[in-house]
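Each of the next two complexes has chain A plus one other chain: chain B in the first, chain C in the second.
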Partner chain A sequence: MISFAVRRWTNLAVCTILSGLGILLYTLSSPALRHSSFFIVSGWVLFGLLIVLALYTVRKKLPFLPLFSSSQWLQFHVYAGLLSVVLFCLHIDVRVPSGGLEIALTVLYLIVVGSGLVGLGLSRTIPGRLTTRGEQVLFERIPALRRQLRDAVEGVVRRAMTEANSVTIADFYARRLVVFFADPRHFWRHLVESNRPRYRLLNELVVLDRYANTEERKLMDEIADLIRAKDDLDYQYAHQAVLKYWLFVHIPVTSSLLLVGFVHGLVMMVYYYAFRGGTG
Partner chain B sequence: MEVITRPQRWDNPFDPDMTNAAVDRLLAIPPFSRMDPAKFSPAAPLRSIIHNDTRIGQYQHGDIIVREGDYGNSAFFIISGAVRVVIDDLPASVLGRREPRHKSFVEVLAQVWNTRKGIEVRDLAAYTTPSPAGGSRGDGARTRIFLQDVPAVLSEHKTVRLEAGEFFGEIAALGRTPRTATVFADGEAELLEIRWQGLRDLRSRVEELKLYIDQLYRERSLKVHLQETPIFRHLSEEDLTEVVNQTVFETYGHFDWHASYKTIVEGRAAGRLDDEPIIAEEGHYPNGLILIRSGFARVSQRFGHGHRTLSYLGRGHAYGFDEIVQNWRQVNQVPLQYTLRALGYVDVLLVPTPVIERYVLGPDRDAPLIPRSLLPPPITVPEAATTSHPEQERRRRIDDDFLEFLVENRFINGTATMVINLDRCTRCDDCVRACAATHDNNPRFLRHGPQFGPYLVAHACMHCADPVCMIGCPTGAIHRDAFQGQVVINDATCIGCATCANSCPYQNIRMVEVRNDHGAFILDRTTNLPIVKATKCDLCIDQMGGPACQRACPHDALRRVDLHNDPESLITWISR
Partner chain C sequence: MNRPSRFDQGDYERPTQKWVCGWAAEGRACRVGPDQKGRCQATYECFPVRKGDRWSCARPPGGGGPCEEGPLPDGTCCHPIPTCQPVRSLRTRRGMVTLLVSAFTFSLLLLFLAGPRLVVSPHLFVSPGPLVKSHEVIRDCAACHVAAQEHPVGELLAVLASGIRVADSQQCITCHRSDQGLKPHGLPPQNLSQITERMKRAPSPLSPSSSLSLAPAAADVRPDEHGELACVPCHGEHLGRTVRLTRIDNQYCQPCHLVRFPSLMNGHPEFTGYPSQSRSRWQFNHVSHEKEHFPTKGIAFGCQHCHRPALNRRTILTDPFERTCTGCHLEHIQRGSGIAVFNLPGVDFETLLDHGIEIGEWPDEANLDLEEDLTPFMALLLSADPKVARDLDELARAGVHLYDLEKASERQVAAAGRVVWAVKGLYYDLLTNGRAELVARLTKAFGVPLSPRDVPALTGQSSEAPGWLFPVIQPDWLNRLQAAQRRWLPDVMAEVPLYRAGKTVTLKELAMKFIATGDAERENPVGGWSRVDRALTLFYRPAGHADHFVRAWVDVTGKRYGTAGRAAEIFEILTASAPDTPGQCMRCHARPDAQSQQGRLVEWTEERSLPAERRAVKFSHAPHLIRQACRACHALHAARDFKPIVKATCTTCHTGQKMNDNCLTCHTYHVGTMTTALVMK
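Up next is the complex of A and B:
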């Protein structure tokens, strides 16, 4: 079993060599050739590469087929994706495209590459965060767990009204906690690892201490625990949601890219052979 | 504060319906009539052992009593009638098991369109088509599989007939090893089934029984066991026989560890080791080489006021050889460097030090009988307290507390434990989806379970080295695959009694209510209740390419690890 570091450097080395070869070919080819055969070939190679990259989704749907492991596919996906950036740059002659279709294609490609890189970064950074804070929860179970916490806090509030015969906690619940326990909160704050909303809420609870009797203080401790649990759950929700939802950008845009790329290829072939006689 | 009566050994007798009259009848026939009650302790008298640790079973012609490969915790005594021991292998279908086979590429590909959409959908034909080789009678845990065509079995297979007054199944019961042969009733037979605890007491109190059982083990298994141990391989036939004759059998701990270890884990960490019987203690003279025959043992070293776990040993592992060799070299005499404790139940073989010195090492220190490559490096006394054990290097590479976690939770029992590195896992659930896709839309594990730091041990069948789930399955539906060794369930012969699910200490077997193609529950004609089946991970035994969960993980975050035979693989994986 090779280490991740060795695998990473090996893959990067292969990528660098292939990129170097591509750039060498591009540099050595004459300007005339570059504007004919090279673009045709590089375009279709790029399109083929994108098709293969997109097949990773199909592989995921067919886990029982002996088609290499998903991990091997992902490695290929990442490094072939990086290689496609070099190929793309050479294909557009390292300039900003001018035609409408080309601009659309470039934008789509950049979104796919950008979202892929973001996704890769997220998948390397977020798992560690999820491990260190809160309980390990299944994403689909989060709404049910949130309801449990809400029910628990409402139970404490009811006890405060009946046992302590006071509305101090109930008032605080109505003012500050109903919204907090109703839905996922502080999505973006959690993503930037900010604890400010949590501390603010807990501090507001501490301030109530001066109006509480012994019984209420015990109940306020329970509420503080529930606030922490809900905040941790929101933290898990925010990070797991990001890990899931970035694919909702990456995959649909890839489909659009392949479609527009195919149209672009057809148009260029028609232009190349019908109007220029295949002479470049 | 709740006050209860302290649980006693026989709170749950083997057969609650055992009567005093039946006990009287048994005590009147040999060998029980020849046993001297005075030799039994007042805490466990002979009569109570018979009353609580045995049960009488009536078997009809062709009834299978034990199956080859099953794990059992009981031995049998033939009261009347006779049984046949099948010497060679019976087909899997006869034993209520499924035939081991891999799907072809076309069958694997066909899963793309053949996968059922519903949950736990079953093909009714599999339950209604009678097996050509055997059938079943009785219900629940008393269900018995029988052979349809006994004459055919007798003509096609080698068998040995055992008559009234003979024992069988005692080696597997005492050693927690798989049954080595299938036994069926030859005509009507009345058998006394003795569970392990009772057999252990009878063996320790009745010298003839002890000699008989020990002799059987020496003849049938011990020589092979020793031959498989590298340090005995160079021995001649006569020397090996001498070693066999002088080897001592010892047993430590509780056979039913799976029922009690959770309570111990939940208790105070410092006191946990107090419940583990000491097999050999650090600082004591090494009076023999200890070979683990079955079960697990913890190797620990004094640290502060407690003990630090260094490693664990399983079947086939040896302990004490380093110290014996060191003392044989007569450089620096050393005591045992580590303590060996029983984790649950451990069966050990003790080869006395003089025997090792005479037959394995030899009289000449400059020309040892054993190949020099098998001799351990000398123990340097000043460092002995902190280094030099072969496991030390491993310990350095795996966190002490993580090792403790694996040992405490008995995950070391697993040969395919699902470990997930949460620092790499993106919670994408591709593993769960892959599992479902390969099992007709039904995932066979939960991506959830005990966690230590970033490592989570998921609720997936670990395919244990000591598969307690297999003990007591009345139809043999849960069994080890004959070729690859995975623990699998034959859905067609599972009767839904939940014995396996209740026995699994890791809660990795789930009982499910099965449905037809339209999503409706399949009901029992008699009770009108849904038919229930036991389900669990089968390690994708019939698929190409191995476990789908592991192959489906894009981030190398999930691994099926053999913690029993190859703990190095875990270390290699986590230090990637």
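Up next is the complex of A and C:
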């Protein structure tokens, strides 16, 4: 079993060697060849690499295929993506392209790479965070759990009205907790790991303590636990949603990139065979 | 909290399915879920089972387990599930976004590539690559690409259809003009055919290598059905600002050529007779000068004494005669009395008198003692009159000389008498009408008009003088001719009108005594016109190298060699190489080719036009001028002046590794006239 460190260094080493090879070929090729053979070859290699990278999402939809594990695909996806950055820089001759099509292609590529790096960062940081707050839940099951919490808190409120014969808790629920338990709350605050909304709500509950009787205090303790559980659930939701939704940028733009890249390749091939001549 | 203890206690999640229950967002998704088409399938929370005669609730533990109410008497569940509007799953929504973005991108591409020209400028949308620096001023695709004049995408389609290249190349030659349009090598097709036929007869030095066998497929440089070759296959554009369009790979030369070979080292035919067998412009024996002439004079022989690189250092020039050859060879040019131009021939006027022919005044010394015929120049000027020309021809055919008419027939004596009066008439006309008479007679004699600039040179005057002065200044030749007439024929100006009026003019003998004491002028030491009374001749003595009189007459008569009657005779006199003849141009200048269709043109200058196939070879001395080691390539040879340069001389360095051995290193493709300068329309 290869350790994570060894695997990472091995992948980085392979990536560095391949990048160095590309830079060497770029340096050795004459300026004229850079504008013909090297760019044609590097362009199609880059396009092929992007196709292979894009196949990762297909592989995820076909889990039954014995084509390496998803983890191995992800490793390849990450390092081949980094390699593509080097290849892309060499392909555009490390300058800003001039044509509208080429500029659009560059922007799309930068979005794809940027979103990919963001996704890589998220996938490296969020799982750790998810273990620190509450119970790890399935993303699809969060609405059901939220409903359970809402039903639970509503049960507590009903008990407060019948057993304690007081409307203090009911008022607080109607004023503050209905909205809190209805939907996911404080999305961005959770992403920046801010607990202020949680403590503010709990503090408001504590303030009610002076107006509550003994029965109500017991029920308010239960409500406080439910608020904490809901807040943890919202924390889970916010982070898991980010892990899901960054792909809404990465994958669609990748498809656009491949489309524009293919047209760019076709146009360049036409130009190449039409105008390359014997120059060089 | 969220993990069921049993598989049937939890909710049924469907993250990979396209649709999920519409109640899922509220946390109460039904267990049935929508179908594949997104239709709600909800009915009841369970399907009661019949046990005996009773219906039992079958709600699973995940749905809350069996209910307290139990099924209705008819066996239906008492908890119907409210129907919902199923929603797409997260993954499906992501797929939808992907599809929409792709469709949007495709639409934009379609719009920009195939949309109206106003919507998209091809410059802004597609960058085919930067043009070379010299073409950067071209901003419109349609300036070069004919198809782009219709539509941007039309260019691409036309390129794909391979029908654009020659049409586009026609745009190239609107600025880069070529006499032969897009014909291969810029040569007329018949010239190429001749070269091809010659190459077919020559033995092939090498069979094509495997890599070159693929050259036709790799380089699409075949002419089209009209025999025209597009520029693009060789001169690729849109490859960058600094790319050299004239740098062409060898493979682009090979497809059209019969003999294919990989490089100069491998397969290039051996050089044949260059430069020793190539006809030199000047006849200069390097060997004899090194071995004999220079040692005799005590001068060291070195290439740099006579040769120096041109300013561009591509070619090696030969220093002018005045700096190199004058010391030894000027005396050869001015040797002798000069060239006899005007004269009075010896005349046997006693025989003429015996036949009753009066010739008027004539120098006594020109009687039997002077056995001189008319000079070819005089004969040429006299032959401007067809009658006189016939008389001269008749006398020439009979071998009769004017100074000996004793054996001549009556008819020939009469012809001689007419010729004598024609000579006097020539003097009279020239002195009366001057230059106009000379030009008129030469024009008639040659049959074609003379250039106004030729006339001064033909009479020994510098053609550098402004043309408007010519009618004003009395030319030297005319002054000399007038002086000669006063001495030789003092009464000719009176006699000729009488003769032409049909009156008889008798012989005057006094003139002879006058001439006998008046031979004062001798040879002119500095060149130019000089009169020798003893010979009754007006000589022209070359003033030095490149004398304009000699050169003009050589050129004029050389052009008419064989066409104008007496041009050949004059040409031979002027180009004679006998030691005692003046001029002696042909001692150094190459004698014109006798087979030439355009007369005999002497190549005076170093420049000359070469046949087309020769202009396909180029050589720059500049990179080869290492320590002035000229003889590393140009070795002297006793019999042939220089040893031929062989291929091994070049392949010592041009191996492909040490030095370039590309075809275009030594060859030029555009051998016809092709302007490289941009001519803006």
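The criterion applied here is as follows: the second predicted complex is superposed on the first by the 274 of 280 C-alpha atoms of A that agree within 3 Å, B and C clash if a C-alpha of one lies under 4 Å from a C-alpha of the other, contacts with A are read in each partner's own complex, and residues count from 1 in each chain.
Assume contacts are C-beta pairs under 8 Å (C-beta built on N, C-alpha and C of every residue); 3 or more make two chains touch, one makes a residue touch a chain.
Remember, it's a predicted structure, so these values are computed and weren't measured experimentally.
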Touched partner set for A:F64, first chain B, second chain C, both or neither: first
Partner chain in contact with A:R147 - chain B first, chain C second, else both or neither: second
Which superposed partner A:F4 touches (first chain B, second chain C, both, neither): first
Which of chain B and chain C A:R217 touches, first, second, both or neither: neither
Partner chain in contact with A:Q240 - chain B first, chain C second, else both or neither: first
First (chain B), second (chain C), both or neither touched by A:V270: second
Partner chain in contact with A:R200 - chain B first, chain C second, else both or neither: neither
Which superposed partner A:R175 touches (first chain B, second chain C, both, neither): neither
Touching partner for A:A229 - first (chain B), second (chain C), both, neither: second
Superposed model, chain A: greater residue contact from chain B or chain C: C
Contact residues of chain A, present in both the chain B and the chain C interface: 61, 138-139, 244
Touching residues on chain B, where the partner in the complex is chain A: 105, 108-109, 111-112, 422-430, 433-434, 437-438, 447-448, 451, 453-454, 456, 540, 543-545, 548, 550-557, 572-573, 575-576
Of all residues in chain A, those that touch chain C in their complex: 31-32, 34-36, 61, 97-102, 135, 137-141, 143-148, 150, 229, 244, 247-248, 251-253, 255-256, 259-260, 263, 267-268, 270-271, 273-280
Chain A to chain B touching residues, read off their complex: 1-4, 60-66, 69-71, 73-74, 122-123, 126-128, 130-131, 136, 138-139, 240, 243-244
Residues of chain C defined as touching chain A within the complex: 1-2, 10-11, 13-16, 20, 24-29, 90, 93-94, 97-98, 100-102, 104-106, 109, 112-113, 123-130, 156, 159-160, 164-165, 219, 221, 231-240, 242-245, 247-249, 251-252
